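Please go over the structures that come below.
Two complexes are shown next, each including chain A; its partner changes from chain B in the first to chain C in the second.
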Partner chain A sequence: MKRLVWPAGVLLLLLALNVVFTPSFLSIQVRDGHLYGSLIDILRFGAPLILVAIGMTLVIATGGIDLSVGSVVAIAGALACLQISLDAGLITAIALALGLCLLLGAWNGLLVAAVGIQPIIATLILMVAGRGLAQLITGGQIITVNDPAYKMIGGGYWLTVPSGIVIVAVVLVVTAFLTRRLALGMLIESVGGNAEASRLAGIRSRGILVMVYAFAALCAGVAGLMISSNVSSADGNNAGLWIELDAILAVVIGGTSLAGGRFSLAGTVLGALIIQTLTTTIYSIGVPPETTLLFKALVVTAVCLVQSRSFREKVFGGRKRAAAPAVPAATDRTERETAGLPGPQDGVRP
Partner chain B sequence: MLKRISAAVLAGLTAMAVTACGSGGGGASGGSSGADVITMGFSQVGAESGWRTANTKSVQDAAKEAGITLKFSDAQQKQENQIKAIRSYIQQRVDVIAFSPVVESGWDTVLKEAKDANIPVILTDRAVDSPDKSLYKTFLGSDFVEEGKKAGTWLVEEYKDSTDPVNIVELQGTTGSAPANDRRDGFQEVIKADPKFKVIASQTGDFTRAKGKEVMEAFLKANPDIDVLYAHNDDMGLGAIEAIEGAGKVPGQDIKIITVDAVKDGMQALADGKISFIVECSPLLGPQLMDLAKKVVAGEQVPDRVVTEETTFTQEQAKEVLSTRQY
Partner chain C sequence: MNTAMTTGALRLRRVPGKYLPVVVTGCLLVAMFATGGIRYEGFATGQVILNVFIDNAFLLVVAVGMTFVILTGGIDLSVGSVVALSTMIAASLMEGPGWPPYLVVPLVLAVGSGLGLVMGYIVHAFDIQPFIVTLAGMFLARGLCYTIGTDSIPITDPTFTVFAQTRIDLFADLWISPSVLLAVAVVVVAAYVLHYTRFGRTVYATGGNEQSALLMGLPVGRTKIAVYTISGFCSALGGVLLSFYMLSGYGLHAVGMELDAIAAVVIGGTLLTGGSGFLLGTVLGVLVLGLIQTIISFEGTLSSWWTKIFIGMLLFVFIVLQRLFSARSRR
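And now, the complex of A and B:
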């Protein structure tokens, strides 16, 4: 838990910055029968990113990476909207879209697990081809649909709460249960730690790998439905553009090591919220469009630096050093992996 | 066993890739060998909005009608893709290259290559900021500064009897693109004469609905008193309408909305009273482009700036013309 302190601190700092510029930033009202406020906006527009990042967390926990999620987002939205515009039923449209996403994810998993292609290359194939596939589905056009039921997924409200937030909460709880209450999480971490050793120990590494890639694609598919439903249209070109990079960033900010073997779902959610809060902050405090990217880069750099143990030790001196032995061993190791450093504490631990 | 299968799959993929390249190359050389038929390489920005897809369709249809072989490529909003496409057109020795630049700057090198290869270039819809005007034959497209001015003029007229300050928020197009820069500047030029007009927030919405909605949500929370929204295209305006409705306000009444483009969904919203005023930016420049291409290839002189014919729409006008809109 302790390693979540830094990302949480950054999130609070960003929120505080917003309050300085917009005093009413934290207020949440009920307007037109639904919750209304900047915090709700952050959760609502952040929902797709959180979903994609949850899937990405498990992939990264196996030591892999999935670059194709952005394209899968576009494909899911495109196929669902196309089906709806062809008067297929809503359930059929959603089932087809998510089914295709599962297939694409399994394809990624097979390339990685069975063929043995490096994850970054295997998923790069679908990242490039998938965007083309999405455009093929939409015929290069923006498909506008007018279906109130479809609109519910990403733009509607469920008991005053935006439905996107509800969906994310459900996925998060289910994922946390499966990985933390059942052995699945441990199996994933063990595959990430050493796939061959896990296999020799009797874990079906390949099955696990295919499963996590399929799960990541499914999460991306649901996110794609949300994004397209929010504006009642499918945009093969721009939907989910660069979301894979934001998702990877969210996972890393949340303290999950890219080397695999360990993951933190709570950290990922925090990371995604930081990114979305940053985006909202840029709009609210009026950063000029020309400097938006620079502003983002500076904040992200600061977040990464402040999370690095070695950076903190260099800047803040020996105080952290003295406090460190109290940290539980597991946390300690993960944090060191994140920073990519050998631990200075070995041997002095009580 | 698995290794063998994976090797076979890989071999298959490689073979497919090789054949694909081969056939692509063959088609290209075949296209340029026909001496009488003009071959045009066209690099489109992308398919970011209904406007753009109408523009694409107009170019494709007009090419078919004019008997011009069109090689079309979609740059997906990336300059490097466009540069790649133009280079490949040069290699394929097309007769004329036309393209809508994603951004204004950075084109000198590749345009020089086209010039050295003696392939004339026509810019459509968006300009480049290169000081060397000899790099392209002509620029066919809308006058974005004029569009911004039209938007500003309507606003000044609308509020001419009021002395209260008018708070304006602006949804800009893709940062650095010509329409975003010019529509902003033209609008500013007209409204700055009267200090009661104040742009209180301005942010890019990347010309997309999703971004338009997201940015407008944030604007609404940070600025309680918004009188006017000026969106650089219809799609961002349409996204913003959803945000305004979500905030319990009535678009078109509580917040007046001015957009540019006049695509079908936008005109529908205008007729429904949700948008207040639309400045047209016609995408149907295909026929004009094909005429210019023929003249340029024949070596005739063409004016270095051709403006597409455009108008503006109020809510009443939108109701009249809605059924006859092609895009």
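And now, the complex of A and C:
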């Protein structure tokens, strides 16, 4: 839990900053039977990012990375909207879209687990080709649909709560249950720690890897449905553009190491909320929107620096902190991090 | 030994394993060119190849910088944004206060190198993953672009326009642009540095095994900072070349170019884990990407998104091939 202190602090700082500029920032009202308020907006607009980041967390926990989620977001929205515009029925459309996402995720997982390709390249393939695929599905156009039931997924309200928040909450609870109450989380972490050792210990690391990538793609697919449903259209070119980078950032800000072997779902949610709050903050404190990215870069750099042990030692001269109890795990982590972006491929090779 | 004799006997016939990916990329390039030549009229001319160089000179320069970073086992996601930032700084300084090009170009190169230097320093000194640091750099550079201006700024400076419109005639009606000469010069210098200097060997050693390189007493930290600086410099130079090509500065220039650069490096046979690869491979990789676009424009009926799908498929084929080769050479 100690690792959550920094991200939680940054989030509180951002929220406090907002309260200074807009005193009514924290108020939540019920209007027309819907919840309204800046905090609700942050959750609502951040919902797709949180979803994608949850899937990304599990992938990163296995020592991998998934660059293709942005393309999967676009593909899911494109296929669902295409099916709806062809009068295929809502259930068929959603089932087809999510089914395709699962397939794409399994493809990523097989490339990583069975062929033994570095995750960053294996998913780069789908990242590049997937955008093309999404545009192929939409025929290069923006498909607009008019289906009130489809609109409910991302733009509607269920029991006064925006539907996106409900979906995210459900996915989060299910994921947390599966990974923290059952042994699955431990298995994922052990594959991330050392894929070969966990295979020798009797864990089906290949199966776990394929499952994790499929899960990440499924999360991205749901996020894609949400995004396209919210605007009632599918844009193969721009939907989910750069969401993979935001998701990876959210995971890293949340304290999950890119080296794998450990993850924190709560940290990821905090990280995603920081990114979304940042966007809201920029508008509410009157920073010109052109400088949004600039502001984001500064905050990201600051958060990452503060989390880096060697930075804290150098700047704050924390000799004592270096001798803190977390030393064995921490040195282990730094060693692997200095080796660059490692993938489990060395261990998974037949 | 028996094996030594066999390898000795086979040496003449077999290409050494480390050159194999480059040879495969070269063969693919020839095959693509031949297919294009058979299918389309007017394809199999020297000018088509030269046009690929002319249209991708900036990508070539950027990919050279990316090769250095990837050889050390790192990655640089900021290149596309730095390219855009360079066009933006150049355009705004020349059009607004009317600075002369011989002041603007060095300034742009210094800004790019400076950004790279800072990112390299953060990667090295604070043990933060290159992926995240350069991602922040990408946001920073793109953000700076939009801070300078959100609209496209045309470049009307006479020196730049002359540079953009000059044709250097070769033999038999073939011509290239000055940018190509610059890009080729960058490639030659970079190849010399990588293969014939102490620094180049350290780059390979760092990517091969950082711990070993460190224990051997090689200046790993300095090398890592240097490769990101080189990548920053190359991106800025790529930006200058792009502003010759486009004659404008715009915050939305070169969106996603980092992916093209990484794809070119990977198709060229450089391993993303670092320590193995050649600059020649990167050049071939850029040519393959350029030739795909040429073929699609010759085909005429294929839409632009097929480019992405083809590049994805090519990436897949190459990575699987590399995987097979590295599995065989390890045996």
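As a working rule, the second predicted complex is superposed on the first by the 312 of 350 C-alpha atoms of A that agree within 3 Å, B and C clash if a C-alpha of one lies under 4 Å from a C-alpha of the other, contacts with A are read in each partner's own complex, and residues count from 1 in each chain.
The criterion applied here is as follows: a contact is a pair of C-beta atoms (placed from the backbone, for glycine too) under 8 Å apart; a residue touches a chain by one contact, two chains touch by 3 or more.
In this text the structure is predicted, and so the values were computed from the model without any measurement.
A.B. asks: Label the relationship between chain B and chain C on chain A in the superposed model as either fit or clash.
C.D. replies: clash
A.B. asks: Looking at the overlay, does A:R31 come into contact with chain B only (first), chain C only (second), both, or neither?
C.D. replies: A:R31 sits against chain B, while chain C stays out of touch.
A.B. asks: According to the stated criteria, A:F295 is in contact with first (chain B), second (chain C), both, or neither; which is it?
C.D. replies: second
A.B. asks: Thinking of the overlay built on chain A, is A:F311 touched by chain B (first), by chain C (second), by both, or by neither?
C.D. replies: A:F311 contacts chain C only, not chain B.
A.B. asks: Where does A:Q141 make contact in the superposed view: on chain B (first), on chain C (second), on both, or on neither?
C.D. replies: The answer is first: A:Q141 touches chain B but not chain C.
A.B. asks: Between chain B and chain C, whom does A:T280 touch in the aligned arrangement: first, second, both, or neither?
C.D. replies: First partner only.
A.B. asks: So, does A:L133 touch the first partner chain B, the second partner chain C, both, or neither?
C.D. replies: The second partner, chain C, only.
A.B. asks: Going by the contact rule set out at the top, does A:I248 touch chain B (first), chain C (second), both, or neither?
C.D. replies: The answer is second: A:I248 touches chain C but not chain B.
A.B. asks: Looking at chain A, which of its residues have contacts with both chain B and chain C?
C.D. replies: Touching chain B and chain C on chain A: residues 115-116, 131, 135, 140, 236, 290, 292.
A.B. asks: In their shared complex, at which residues does chain A touch chain B?
C.D. replies: Interface residues on the chain A side: 21-22, 24-25, 31-32, 34, 36-38, 41, 45, 114-116, 131, 135, 138, 140-142, 144, 155, 227, 230-231, 233, 235-239, 279-280, 282-286, 288-290, 292.
A.B. asks: Please output the residues of chain A touching chain C within their complex, sorted ascending.
C.D. replies: 65, 115-118, 120-122, 124-133, 135-136, 140, 236, 245, 248-249, 252, 258, 290-298, 300-301, 304-305, 308-311, 314, 334, 337-341, 349
A.B. asks: What residues of chain C sit close enough to touch chain A in their complex?
C.D. replies: Interface residues on the chain C side: 73-75, 77, 122, 125-133, 135-140, 142-144, 146-147, 150, 210-211, 259, 262-263, 266, 272-274, 303-309, 311-313, 315-316, 319-320, 323, 327.
A.B. asks: Provide the residue numbers of chain B that touch chain A in the complex, in ascending order.
C.D. replies: 2, 5-6, 9-10, 46-50, 53, 56, 74, 76-77, 172, 175-176, 201-204, 206, 208-210, 213-215, 217-219, 221-222, 224, 235, 238-239, 242, 246-248, 265
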